[in-house]
Amino acid sequence: MITPYFTTGEGAPAPLRTSMSGRVRFEEVDPLGIVWHGRYASYFEDARVALTDRFGIGYLDFFEKGVVAPIRTLRVDYLRPLRFRETFTVEALLHWTETARLDMEFVLRNEAREVTTTGYTVQVMLDADWNLLMLPPPFYREFLDRWRKGGLA
Amino acid sequence: MITPYFTTGEGAPAPLRTSMSGRVRFEEVDPLGIVWHGRYASYFEDARVALTDRFGIGYLDFFEKGVVAPIRTLRVDYLRPLRFRETFTVEALLHWTETARLDMEFVLRNEAREVTTTGYTVQVMLDADWNLLMLPPPFYREFLDRWRKGGLA
Amino acid sequence: MITPYFTTGEGAPAPLRTSMSGRVRFEEVDPLGIVWHGRYASYFEDARVALTDRFGIGYLDFFEKGVVAPIRTLRVDYLRPLRFRETFTVEALLHWTETARLDMEFVLRNEAREVTTTGYTVQVMLDADWNLLMLPPPFYREFLDRWRKGGLA
Amino acid sequence: MITPYFTTGEGAPAPLRTSMSGRVRFEEVDPLGIVWHGRYASYFEDARVALTDRFGIGYLDFFEKGVVAPIRTLRVDYLRPLRFRETFTVEALLHWTETARLDMEFVLRNEAREVTTTGYTVQVMLDADWNLLMLPPPFYREFLDRWRKGGLA
């Protein structure tokens, strides 16, 4: 990947990272013998949930604050196929931004540690009436503050 | 099918029926080249929604009355496979019962009108606190009344 | 469960068992806030793959011998719902039979070890031309032999 | 959408278009009450299959020629949510290119004809050994020829 999916300013905190492993299920494989391209949204989501749970910014954390953070954009780049019963890792990287959004990048690697798939999602933040938030809600600004101060490493 | 899935007493109203057609999607086909067995719950549900919408007893109709009707049992019998791009019909049959449950049978047929798959679901009725209802709610008893009097044919 | 799903004759070898754990994914949850009933076929399959891989009778083992073992019947009984992020275990039990079929039972339990879901699948065995086998293929008879002699415990 | 997903040179043939309609299924809706973002890959694929079947360049047409055309990139932009039982249309547009790839754009609209979702997929062409083709295979070049001459309008 030559062009990064996200660029952050100089001096921005390093991305937060979480990895998890998975294994290709029979039902995820299409008639070509490879994981159907639409399934990767699930693999990304598994890693998204792992990362956001770990840092206290998950779906339910937002929900408690009356905020929803739906996906605004999804992109997936398929470099190598995955086949039935292959194990893989998914790494999620949350990139720094002070705006009311979550910029998350994903990298899948097979057992040989080859990158098979990359991608990203952008989430926006909405209030309980589904109006776009211009600024992150207080609990998320506190989270950003801890991140900037290095308290989440 | 020698043994029927459901038996109703003599003189019970005939089952209510709705048919719909579908076509096998690429993602539904497994590495064996046939529809993955777990997908049939979707085909059944499409027909369930069609039937219950038609007769005003759908998920949202129940929801408005503070009742949910979750699936209690699912059974599927796979007689012939379906392959990519095959078209098929699903028929849903609601069998008569005066208790607080929905007994629904499903029959899939391929283009040659051969039966490929049969099955059934049983749904129970719960109040808003997820307590089992012993009797159908009033709106459903009215529906049963119209059914018995032949007003739904 | 009063009535067992499968009955085996006296003196039949005990079922083979494998357990695995899982966690409810966001996409598996329906608008009622519970795992959509059709997803349990996946949970069952995860446990089926774990058990059959462990004993060398998996999809690919059959495939190498020119035999396929499609699902003939699926049944699921839903006793308690599962919700987003709940962890659970799925136990698969392969019940003894000398005929050309696999009788597998499944039991899901939540974190409190309550049984949430039970069910079974029956798989038949077909040759490469999709003709029904009346007897298990030699590699499977050897597997049955080891099982009977207690070599798989 | 200000920036188009694909740009074609001046004088390039107009994109080929196919539309189909769909309806949101219960299982496609997530706990937020909206279609789960990962499902749109299915909606796109339904429209892709409709368009490629119509013009004789479907998965099976490629397969017969020993060519596979896997997805290399997927992008989805979510503008408005879709809810349970909403009907929608998906339009697929195949954009002109003479290289060995398929550039396809997708536009979903709700009943009010508002655009809810846009996106694209890029497919590359591989030979039977999964080597990247530098030029489209002969049957596809003939298809391009008919397209350029206006024979597909």
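Read from first to last, the chains carry the letters A, B, C and D; within each, the first residue is number 1.
The working rule: a contact is a pair of C-beta atoms (placed from the backbone, for glycine too) under 8 Å apart; a residue touches a chain by one contact, two chains touch by 3 or more.
Being a predicted model, the structure only gives us computed values, none of them experimental.
For the pair chain C and chain D, the CA-based superposition corresponds to a rotation of 180 degrees in steps of 5.
Comparing the centres of all chains, each the average of its CA atoms, the largest separation from chain B belongs to A. Chain centres here are Cα averages; for chain A and chain B they lie 38 Å apart.
Chain B and chain C, compared by their mean Cα positions, are separated by 25 Å.
For this pair, chain B with chain D, the centres built from the Cα atoms lie 33 Å apart. Residues of chain B in contact with two or more other chains: 26-27, 38, 42, 45, 84. By the touch criterion given at the top, residues 26-27, 29-31, 33, 36, 38, 84 of chain A touch chain B in their complex. Those residues of chain C lying in contact with chain A across their complex are 25-27, 42, 45-46, 49, 53, 59-60, 84-85. Residues of chain C that touch chain B in their complex: 32, 34, 37-39, 41-42, 45, 68, 70-78, 81, 121.
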